[in-house]
Amino acid sequence: MKRFKNLLVSALVLMLTVALCGCGGDKAGDGETITVGIPQDIEESLDPHTAVAAGTREILFNIYEGLVKPNSNGDLVPAVASEYSIDDEGKTYTFTLRDGITFHDGKAVTVEDIKASIERCADTGSGDPLVAAFSNIESVTAPDDKHVVVTLKAADTDFLSNMTTAILPAEYISGAVAEPVGTGPYMFVSRSPQENIVLKRYDGYWGEKAYIANVIFKVISNPDTIVMNLEGGAIDMFARVTSAQAAQLSDNFEIKEGTMNLVQALYLNNAVAPFDDVRVRQALCYAINPQEIMDYAFDGRGTEIGSSMFPSFGKYFMPELNDTYNQDTEKAKALLAEAGYADGLQFTIKVPSNYTQHVDTAQVLKEEFKAIGVTADIELIEWNSWLSDVYSGRDYQATVVGVDASTLSPRALLGRFVSDAGNNFVNFNSKEYDEAYSAALLSTDDAAQTGYYKQCEEILAKDAANVYIQDPAELVAINKKFTGYEFYPIYAQDMSKIRPAK
Amino acid sequence: MGKNRRYDFNLILGSILTAITTVPALIGMIWTPYDTHTMNNSLKLAKASLMHPFGCDNFGRDLLSRVMEGSATTLLIGLGTVFIGVVIGTFIGALTGYYGGLVDDIFMRFNDVMFSFPSLLLALVFVAVMGSGKIQLLFALGIAFIPSYVRIVRAEYVRARNMDYVKSAKLAGASDMRVMFVHILPNTFKILLNSVLIGFNNAVLAEAGLSFLGIGVQPPDASLGRMLSDAQTYLFNRPGLAIVPGVTLIIMVLGISLLGKREK
Amino acid sequence: MTGIIKKIISSILTIAVVACLVFMAFSLIPGDPAVAKLGTQATPEKLAALRETMGLNKSVPARFVEWIAGVVRGDFGTSYSYSMPVTKLIADKLPVTVILTLYSFILMIAVSVPLAIVAARYENSALDKTIQILSQITMSVPPFFGGIIITLIFGLGLKLFAPGGYVSYSVNAGRFLGYMFWPALAIALPKVAMAFSLLYGGLTTEKRKDYARTAYSRGNSTKDVFYKHLLKNACIPVITFFGMALADMIAGSIVIEQVFSIPGLGRILLTSIQNRDYPVVEAIIVCIAVLVIVSNLLVDILYRVIDPRIITED
Amino acid sequence: MLLHVEDLNIEFHDHIVPETVVYDFDLDMDEGEIVGLVGESGSGKSMSALAIAGLLSRHDAKKRGSIIFMGEDILNCPRETLRGLQGDEISMIFQEPMTSLNPVKKIGWQVEEAMRIHTDKTPEERKKRALEVLRSVELNDPERVYNSYPHQLSGGMRQRVMIAAAMVNTPKLLIADEPTTALDVTVQAEVVKLLKRINREENTAILFISHDLSLIRQLCKRVLVMKGGYVVESGDVEKIFVNPEKDYTKRLIDSIPKVILDRD
């Protein structure tokens, strides 16, 4: 028994020592590794063409590049293509392959890879093409091994923004290679479900190489532990902390404020009762006060919006739509009564539980709806369930999320409200809207096109497709050990610009 | 003498602690100092004051009111769980224990499997099947706790089956049902009471655990577990948000377990 | 010996029963996983093809047979949400949960035994009373709140560890173990208190027995009397508790993983439940059932090892 | 002089009113001497024996007087000194062989324990000695006994094991506290014979405690008669037996069943 006791004591001592040393050794503070917290696991495949979630795309931004890519100003700059030209008509786009550009596995990028990538996204074999706009592609040809020519069916001056579509090796597309391989500044190393995604600097990158050698995206599925993780040093950066979380952080962290470039709204399923009635939708719009929501859940930060467009889009954004509905309880009640819900109504808001800002927003909304006799039940669901049930399955009444723009074109935001759009998860159905939208697509005149887009926005607001709230402020918490964070007008976390402070 | 004093001490302290948590919880079912859902921007994360003895949470909701509502929810789910478990568990335990035989054997085999499975996990599986929510949670936990009561009640019935008072009742012409539920049942109360107290505690802890995981009570409804989960963000500057519901939970469990100790 | 063999056989049967029940429960749930997976991209052809690959076009009994056949070979099928074999998904996370559980278990014993001995040795002293009260309170602390308090005090206050700074065992085993100490502590604490009070009860009973006096009469020190003579006897009634504690710790680790941001079985289980990724849920439940049943079996064997009186009664 | 006890008084304090159980106890023993201590239960004989063996734990019993064993004051010497004597120079065997052995340890381990504590013998030497001493207490098949657990032996065998364990270091003094009371009559006689032989062969002094005067008469030359904590009579066994001074002693003698008296 003496042995037993010694065993016990030594086990205890060992565990304590391990515990105490194990933790003191902070992560390599040499700036060689940065750990970034992400609120959800990325999608099952790291396939940039099929990735739906913004949270996946913002990470893939570091791995993949298109022929062109957006910079932080929102301009498109050449990437895999070193230059491009558009004919005057806007029908033929010619891209020149960048000299010496290689994939992460060291193989040179060829025009075949580009062709295969574009053709894959344009393929209509299984219904809609992966990139909706690619249905306009007439042909993709490679006249020589340096050039790729994309010819459109109808002229489209705005088509270039779609060419940010990632270029993948032809072998990957044919299924011969499973590992994600791109041309971006970082290459994929490993992933562990619900745990992390590890990236490494690609030293053969054609452009300015990344500063930090290793990037770990760590899944923080419990948002309540974000602050703890940051303060404890487990993660160095978290994009989109809430203002409450930001307020909890010590001055070891810098809070960068930008806009999230999201259309945060209470999205309503226009196809199911009670939201198939425009009066009910409008009533909800009258019930809320976006500023109040921002005050409660965002410490007053954020920009009010009135339709599916946010300020970063400049000329397309219509601030005047903010006043389509101003909080008016009486009007809301009257509309409800008119729609046959004089005694109030009850519905369920599904909210992805990992997004604190949406959960918080939903809680404020619930309070606001109370005033007009509407009871909203909040159901928190896992992000993946949200994707499958709400987004894909469209099995919901209402949901609070933010919808982002995958490209720099207003189509990225407005295209989804066309009645038969595959991603029209709110089931919005308006003939008027469909006409306006297709008119915009066909138009080659910039002013006229802008006019049509604005018309679309007005219809969304007037028909109360959704209860629009705001473009939330994006607060990025980053450890002061690092600097160089840049905001993008699209969903992207450009890790290659981040460098150790000093 | 010294022994008696200790027993009394457990009873008194247990009653006091239980009262400290259950009385506000009971009041919380009908009245709270402030509305538990109404938000107030100016009181966000307010420190403790005369008006708000525990301060306010991140939406400016009075923490005392939230804790009262949360305790009430937790208490109700705990009681409901125990109720389901005891009623169904007693029924099954009585039947299998009284009649015995092959059905009893098979049932007990099954029951032992369920019993050896941690009840929290069992509840998790039920939630997986039934979906999350307050009512689902109540049933999930209730079902998960049945096996423990079946075990206890069955053992008592197996013992009682051959006792003289049962035999004489049978001789007097009492039906099986009557023997089971009129004659034997009251004799199981004493032992059942103790396991009810333990079961209540386990249910409270399980509820808090599952709500903490986000699959129990949904916001903005308060439950002690849910509040603890939310409070983690503010652990740095307002640890009180976690400590108040946490300590409430501890006091509730501690009080009941002291009462249970006294019962032995 | 036959007793143990009987136990093993019945354990295997039990696992089989659990596996059947789990499969049945999840095949009764309405909803077509293929539809859920395809969502808006669902076309009849695609759906049929996916059903084919997912094996959903077969009848429930046929699927069951297939599933069981797979399980026997250690193949739990393919995860719906991660296009990855379930076995691979779990194999990666299982060690985390197992180590966390064992860690807590060792902690529980390493702390409760000396504590119980000290308290029982100085029965009724102020020290004893203090330990008693502390243990009664600790017993009532739910592990996740314990975890929060530990994070608050040791992580944020004393900076002894970085909250959320989990490191995978495959990356750095030392730091992995270092980090796991704290969640293990959170899980172990209430169990320490319970083990303490049971052991204490046993020791104070045993120390009044005649053989304790015999031990003293041979010149043993008090410490030796407790460790060499009383402890083993006092442990016998506590072993059942140890078995249940082990099972509880597996469950507890699922909650604690959430507090300490540990990607173990619990994390996968929770997300899979919410994603309705049933192959994963089924596999994890079967896995946990095996763990629970094996630990029960171990307890049974331990009983026989510790208490010689059982063997001869067989 | 091996043992010199003078003015031993033992008082207990674990009750509200202190209770004295032994008054003014005096005893002298020489090496190799066998002394009997007789009296009814509660007369203080076991307490005196435990005090001499150094087994009365210090806090609940208050002891006055002196117990000098081989020049060491048992009552006041340091713990280590006392432990050095226990099991080495003083050994003790008890009334209940059933409970006096550790139920979960093998006999061999228990017999060897005193050697492990007090000698530097190697495991092989210890085993050799253990088997030897087991054989010497007239156990058949000592190898088997060595590997047995207590519950596998009969009462008589266990008491022999106890004696073997006590004798393993050939102590100067063996205190036997009613070693035969729990045994069958036939086994009793054998144990007494065994003790006698040990005394003869090893020159170990024995303090034999019993309420049975006839056993004392078989074994001892000198006897002390205790009642109510006092030594009421002491001296040569035969003398006391033939001519008891006190009524109490007379009654003790009268209570011996005639059959046994006749046999000797």
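Labels for the chains are A, B, C and D, by order of writing; each one numbers its residues from 1.
In this section, a contact is a pair of C-beta atoms (placed from the backbone, for glycine too) under 8 Å apart; a residue touches a chain by one contact, two chains touch by 3 or more.
All values derive from a computational prediction rather than experimental measurement.
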Touching chain C and also chain D, the following chains: none
Core chain by centroid distance, with centroids computed from Cα atoms only: C
A-B or B-C - the one linked by more C-beta pairs in contact: B-C
Farthest-lying chain, centroid of Cα atoms versus that of chain D: A
Geometric centre distance via CA averages, chain D-chain A, whole Å: 87
Chain B and chain C, separation of their C-alpha mean positions in angstrom: 22
Distance from the mean Cα position of chain B to that of chain A, given in whole angstrom: 43
Chain B and chain D, separation of their C-alpha mean positions in angstrom: 56
Junction residues of chain B, two or more chains touched: 231-232, 235-236
Contacts with two or more other chains, residues of chain A listed in rising order: 222, 225, 228, 231
Every chain pair meeting the contact rule: A-B, A-C, B-C, C-D
List of chain B residues in touch with chain A within their complex: 37-39, 41, 44-45, 58-60, 132-133, 214, 218-220, 229-237
Residue ranges of chain C touching chain B (in the complex, touch as defined): 14, 17-18, 22, 25-26, 28-29, 136-137, 139-145, 148-149, 151-152, 156, 244, 247-248, 250-252, 254-255, 258-259, 269-270, 273-274, 281, 285, 288-289, 292-293, 296
Residues of chain D defined as touching chain C within the complex: 53, 55, 79, 83-88, 91-92, 94, 96, 99-106, 113-114, 117-118, 149, 151-152, 162, 165-166
Touch list for chain A against partner chain C, complex: 1-2, 4-5, 8-9, 11-12, 15-16, 18-27, 41, 44-45, 126-128, 192-196, 219-222, 225, 228-229, 231-235, 381-382, 384-385, 387-389, 391-394, 422-423, 425
Touching residues on chain B, where the partner in the complex is chain C: 109-110, 112-113, 116-121, 124-125, 127-129, 201, 205, 208-209, 212-213, 215, 225, 228, 231-232, 235-236, 239, 242, 246, 249-251, 253-254, 257-258
